[in-house]
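Several structures are given next for inspection.
Consider the two complexes below, in which chain A is the common component and chain B and chain C are the respective partners.
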Partner chain A sequence: MRTLSALAVAASMAVIADAATPKFFPDDPIAVDVDTQDAANVGKQDLSDPYDFLENTFMNPADTADMRAMNVNTIDEVPDSSWWTNRILHREMSAAEIARGPITGTGPKDGIWTIVGSKSEGITPGFTITDETGQLYFIKFDPPTNPEMATGAEAVTTPLFHALGYNVVENYIAPLRRENLRIGPRATLYRQISRKETPLTDKDVDELLARAARSADGTYRVIASKAAQGKSVGPFRYHGTRPDDPNDVFAHEHRRELRGMRVFAAWLNHDDSRSINSGDFLIEKDGRRIVRHHLLDFGSTLGSASTVAQKPRAGNEYIWEARPTLLTMVTLGFYVRPWIKVDYPEFESVGRFEGAFFQPQYWKPEYPNPAFNNARPDDLFWAARRVAAFSDDAIRETVKNGRYSNQAAELYLGDVIIVRRDKIARYYLNITNPVVDFAIAGGTMTFRNASVDLKFASPADHYLVAWARFDNTTGNAAAVDAPVTVTATRAAVPRALLDADFIRAIVTSHHPEQPNWVHPVQVFFRKQGNAWKTVGLERLVPQRSS
Partner chain B sequence: MPILKMTRSLRIVGLAALLLAVGSAAVAQDRDMDTRAEVLAAMRAQKAQAVEPYKPKGIEKALLYIENNRILDRFTVGDGWYPLIGRLTTGAGLAGGAGYRKHLFNEQLLLNSAFVMSMRAYKLAVVDASYPRLWNDRLEVGTNFRWQDFPQEDFYVIGSNSTIDTRTNYALESTDISGRVVFKPITWLRIGTDIGLFDPSIGRGTDTRMPSIEQVFTDAGAPGLDDQPSFFYKTLSVEFDYRDQPGNARSGGLWRASYGAWDDRDLHVFDFGRFDAEVAHFFPIFDKKRVFAVRGGVSYVNNDPESRVPFYVLPYVGGANTIRSFREFRFRDENAVFFNVEYRWEAFAGLDMALFVDAGKVAADWEDVNLSDLKTGYGIGFRFNTYKSVFLRFDVGSGGGEGTRLFFKFGPAF
Partner chain C sequence: MRFRIGVALVVLLHVPGVAFAQDTRAEEVARLQAEKAQQLRPYEPSRGEKAIDLASRMLAAGHGAYPWVGSAYPGGSFTLGAGYRHSLGDTGVYNLLGGWSVKNYKVARADVKLPEFAHRHIVITAHGGWLDAPEVAFYGLGNDSPKDGKTTYEYTPTTVGATGTLRLTNWLSAGAGADYLSVDSSIADVTYLVSRAGVGIDWRPAPDYSRRGGLYRLEWTSHDDRDVGTFTFRQLEAELVQLLPLFHESSIIALRGLATTTDVDAGQTIPVFMLPSLGGGTNLRGYPSWRFRDRHRLLLSAEYRWTPAQVIDMALFADAGKVAANRSDLDLDGLKSDIGIGVRLHGPSFTALRLDFARGREGWVINIGGGAAF
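Coming up: the complex of A and B.
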């Protein structure tokens, strides 16, 4: 019965596009979204971080329509764009390539570093420096209580987000000697007392460094972030679009790569995944100026909260959440949130990060992220495939980037990332029908089951395939024969369809332990000469409320 | 398809995207486009016609103004004028005022002045000059001038047996000029001394809901009611503070004691000494999400047989900082002891709640300072906080037999 109703949903979805225009254009599926409309007039966008918290916590600013991600192509993938570049899963990536991440050089050159700016606010000191080659870097330190923690987290997480497909900056761990720091003539420091920027002094530098972890050899371990290419025009929001950017046409809460980031953020405990840690940069491309969108600052990932170890709440509960708050209030505190009781190993360089209690579906950032909240099973499945594509070797190789002096800490961190990867894959690869990689050759349609292939589920009991001749102009589909049952991941194309221009197949998977596998996947093929090209794929997932 | 809720700037783009999702029909058809790339390009060209800079509005605009103009720094540490809320004694009513702060000599010398006035016409003026960070933060030297006019302070019969119907009020106007030296050899130890001149004046209370003090009491029942001399005082204090966050402690403790000698410069009948001690400790459980906080305090004054202690400087219990089931200054005498036990729990990151039990008493003789016949109270508290400090608390106390008391304070209980 469930299957029949699911097929009915699929059939009704299939006839939505009844306009007299093609469902598929000749260039579908597009691999690249050419978002290069000239954006020279984009200006600096000033966003308030406290407002971001208030807005997303109490005002629900985004469009919450339960709809498919807007920026996917016709085969349900995210084309390359100013937001995203397909890397892992899209192509082979060696462990070394993943671990290298966005790195193109060797980091700040040894020698004199000239401070050109500084940051005294908050409790994390930081400087903007130029090395002897004139390259600009932002450098940050570890807190004295947790040497190697924040810098290690940044060095490990950055290449993983890069491999996933995001634009990130190059982050290097480097040693700093106090005597190698020089104050540039224009370096200033904001003074809270006078509320003015005044020239930076050696005393200021010493005071800022006193708040940083110092190694036994007298050096300071820093994370040096190479300045992103282009001119900073402020952060992006996780909802709406930039009104000044002509290329920004898809509401961010409906962008697949921002919705799916919920899975990536859960994996790496990026609880600070909010506007303030993003950056838009105006760059020149093909003679035009366009905005490129970056994720910035991974200091609050894994077990690090930059200046202290992650709080136990991190990843488990929003800063403000009504239900546990009220429960705690009315029970006079006798309701104990379960995450409070989680034990963490004592690795100062790792902070609080674990995999045993972690449940990806319940993971939360610091406050609601509208794109994360809009994520549907198809978005989450898309993301989970990418997480699952990281091999153990790639993860361990990447963890080495953290240069942890304690080998046990490095081993533990790698173990936890692997455990969390597996939990994500086991849950999200089975959150919908995990059939992928459809092709027709020799009169047979083949596909794969992503969850079975990675051993996160046993093989399906059977698959049900409903065939139809598809009219690309009208969007109408005419069923051919009754649905057929197959037990392998292949099905013969009905002879009656071999002369069609377009074929549609609706596939459901059936497994006694995987109820979500019955979600239909509809796939479209276009005849190209004597071959068939997969031009469409859509995972028909239940509406959010059902 | 669901109807989108979109801002005006998004509407055109949203519509286009919607069309794209169902087949890119209209855009493609209207402009005779043959490829997906053309459709997407058309959407962007369409938006290019209507781009506009982002303009924050309402709350966001206000918050950006506060951030960009460093308004919070002005309120907390920055030089210049700053507003004040609260800062007056319990019972003063809602108070507000302004201060002016200025750092001089390479930020070593801090000059601070403030004036606060409440709804009940309580007034306070303070001028303070200090070098708070001498000798690498180990030494503080300062001087302070304080004028206050508190026109509705409560007074009851002295002693632990006073009844609520003896409630009167009086006006206390005073000036206090002092100098201080505080030595901080290590971060958790402070040793300080104050010397000063305190000049009080007692007058008719302005709260018409009850009699003024002179209508009920004489100088015999309220020592110092008739004449108020000026006092020269010298105080020595020591403090061990190993709390994790002094403004919102969840672990550690605080021990402090002080002794002051007060000399009546005019009448020579009110010479006395006063000793105050307090111990607090904080026991965290569940990563400091639950805390048992305990505190005990004791005060006594001693005077020569031929001297008396003015009623307005007598130790007391009752009120926001001692026993919260009673009004402020409810019981006064020459000796006082109090205890507070709080079970605190975090409701969420910005709010802690507390169940508390308070107890204490006053006594004429030190020998009577014991655990018998304690005045008690219990209640619940709501503490709005950051990780480092409690900035607002509501405590509701009861159980003392005198009704329910609500205390609204800017700062932690202890």
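Coming up: the complex of A and C.
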């Protein structure tokens, strides 16, 4: 780390001394962040769940610098990487493709499943099995009080997070008959009382299954998660970097896809969006080993808290918050948190999930997530564009993955996801200047207003465009003409700039009901032959108020 | 500081505008990765993380030694000690415990729960214990015993026994047991063969912390004096607990009724230390432990509980009760009462710590203990 510090100082000096440093490189904007180093020596990283809660609730383990996300490219997008793959919004995705998610096969083969391991005796039963093809799956069940709830939540949420861009595992809903479960020779069960692994017995299996929901025909509905490719090396934290992964160079609390996950988690009520539900896997790629970062376990999303329906507090308050605690204490409980009064329809397979009370800006996970807390308006806008890209059809098609036997429950779930999508879009698409997709062609700069296009705001009153000739080497910009007012999403490029190598345009949007639209957006274009390429976009959001 | 310099380095390199000898953005990132590759180290948890991990493992420990904080005996005040537990088979456990209180009460206990059988419908437990309580309070008999009439006696019981419980359903159980109880005290020494039988409906999610459900139990006990021959008696106890959730279980009304009645044959009497009593941490909390004793007792308690935070409950409570020499006097006249406020630290199914401030007619009492009030 001292070496890195010294290099940082040297870097600063180099910048000052070297007047020829370009702002944009020939390969900007990059589309892929490549892991160039072999991560063969990455070891298993365990995480103490209680410590994670205490650290994030009562301490501040992360860097809270109010800075632009570190891993965005020059046009403010996230390159593909071992964390993220651009899917929805980046390209056309049919409803069927979105609903299919990461699925590549048909799930565990019908027939005998051999148990090779299980969870501890705890409340939620679960087994690791191999099917007759030898493929490894981890299977989980629904609680008897809420059949279809947890398995449905995983089946619906997983493809949505996949479409957003995350690495997730393949999840399949499948029926299980008790008589098709065999115990493998090395299957063990962790005993809570003795804290030992001892051989699994039929009696153990029966007792675990007694805690699972069972259908009228005697089958158990399970969610079978196909084992992720590679070797598990433990979860990732939402702050810092892995000290043993050479390719992990951007602090996680400053990664756009983890900051923006706050929006996705709010949308789908993923209140359990914490380290314990993530997984790093060491895989082989392009001749070297790298760590691929996954999100795991969506059993506590939507209205499900895996073993029970979501508590009313979920998404509305952290496990520990001083102010409402003190208020409730001193008022003898007569201060009733507003979320306690929310009514939920009685759909056992959905649990507690609603859209009427939901306000995305106030949504919270179980306890503070440092990446979520670092999210700036540009991160939230970036995420909201992706949520808004899911059509009603795509959402309803994905909800069908839940295979809900109650059609009214399925309809309700789709309705709520759509309502929450719209609330997110309406709020976060207007949290900053929503201009996007800049291009120059035929001497005219065009752009779009993402919020107006999706009808989450009325058209802007006008836009102001300030033009400048940009020197990529020195970083200096020389203004050309006075700022221009336009009412449409297009502006003629000043003739004096048409022979420039680089052009900069600063655009502000003006709408009487959208105060945040005045945040400047700085766009850069590079001349390439007779055409112009958009090489830079920066949303100049205000500093976070302390 | 080092972290911030490192962050600054990454920012300088990756945000457009800074470069060194690299010609492309990809080369910039590759250089960062190459530099980090020279400084790799395995993840090392901090001391805090290791301590919390160890503490959480100890709290969840199924076997081994553990520190114990509790109560040796009502009136003995804070007791510190240690225990050791270990599994027996897959569902059995044995537990050894010893402690010493600030009032010089000493306790040693051993409990064994045999592995459950018959599809976990039958549970057999055995226990043994020794207590040395040198100053147990006695205020005299009856509901009107004077506050300033307090004396103390020494009480040293030794007990060995076993209980069998049949779990008919998740909420219905019946049981029977027997104990050998030998008491040395400054009042009288007596040896009992105790027989017990009981039945109960308990549909609370967990006995030690619940927000809904109820407990309805009936227990019959016979103390057969094998020694002196004059202290044989029988006891019947009934308890009703009802939890009424309000506002989506954010608040609860908790109600409890407890009645204990004893019966002796002619020529028999019940030693003071075996009489039903009121006063102390789980009944008539505004009075000290053992404040009222007599042949029969009645207790009514009500609590309004609310939840300021997920692991904290508070309660406003009121208790009212009486002891009586005659069963016919167990009515609502002459009840002793108290009111109070309490704070409870709890998990999803247990109450770790309960702190109650109660005021009866005789002043304030602070009760500290573990376990639910009821």
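The rule is simple: the second predicted complex is superposed on the first by the 523 of 546 C-alpha atoms of A that agree within 3 Å, B and C clash if a C-alpha of one lies under 4 Å from a C-alpha of the other, contacts with A are read in each partner's own complex, and residues count from 1 in each chain.
Rule of thumb we're sticking to: contacts are C-beta pairs under 8 Å (C-beta built on N, C-alpha and C of every residue); 3 or more make two chains touch, one makes a residue touch a chain.
Everything numeric in this text was worked out from a predicted model, so none of it was measured.
Trainee: Do chain B and chain C fit side by side on chain A in the superposed arrangement, or is it a clash?
Mentor: Because the two structures are overlaid on the shared chain, the partners are seen to clash.
Trainee: Identify the partner contact of A:475: answer first if only chain B is touched, second if only chain C is, both if each is, neither if none is.
Mentor: In the superposition, A:475 contacts both chain B and chain C.
Trainee: Looking at the overlay, does A:25 come into contact with chain B only (first), chain C only (second), both, or neither?
Mentor: A:25 sits against chain B and chain C alike.
Trainee: Between chain B and chain C, whom does A:536 touch in the aligned arrangement: first, second, both, or neither?
Mentor: second
Trainee: Just checking: does A:385 make contact with chain B only, chain C only, both, or neither of them? Give me first, second, both or neither.
Mentor: Neither chain B nor chain C is touched by A:385.
Trainee: Is A:270 touching the first partner chain B, the second partner chain C, both, or neither of them?
Mentor: After superposition on chain A, A:270 lies in contact with neither partner.
Trainee: Tell me the contact category for A:66 with respect to chain B and chain C: first, second, both or neither.
Mentor: First partner only, chain B.
Trainee: Output the chain A positions appearing in both contact lists, the one against chain B and the one against chain C.
Mentor: Shared contact residues on chain A: 21-23, 25-28, 30, 33-35, 37, 41, 43, 45, 48-51, 54-55, 63, 65, 67-68, 70, 73-74, 192-195, 240, 242-251, 254, 312-313, 319-321, 324-325, 328-329, 332-333, 336-337, 340-341, 475.
Trainee: Help me check something: in the complex, which residues belonging to chain C touch chain A?
Mentor: 2-20, 22-26, 28-30, 32-45, 48-49, 52-53, 55-56, 60-63, 86-87, 90-93, 120, 247-248, 250-251, 304, 306-312, 314, 316
Trainee: Quick check on the complex: what are the chain A residues that touch chain C?
Mentor: Chain A residues touching chain C: 1-5, 7-9, 11-12, 14-15, 21-28, 30, 33-37, 41, 43, 45, 48-51, 54-55, 63, 65, 67-68, 70-71, 73-74, 191-196, 198, 204, 207, 240, 242-251, 254, 312-313, 319-321, 324-326, 328-329, 332-333, 336-337, 340-341, 475, 536.
Trainee: Under the definition above, what is the set of chain A residues touching chain B in their complex?
Mentor: 16-17, 19-23, 25-28, 30, 33-35, 37-38, 41, 43, 45-51, 54-55, 63-68, 70, 73-74, 190, 192-195, 240-251, 254, 312-313, 319-321, 324-325, 328-329, 332-333, 336-337, 340-341, 475
Trainee: What does chain B use to touch chain A in their complex?
Mentor: Listed in rising order, the residues of chain B that touch chain A are 1-7, 9-10, 13-14, 16-17, 20-26, 28-29, 34-37, 39-41, 43-45, 47-48, 51-54, 56, 59-60, 63-64, 67-68, 70, 73-74, 76-80, 103, 107, 286-287, 289-290, 343-351, 353, 355.
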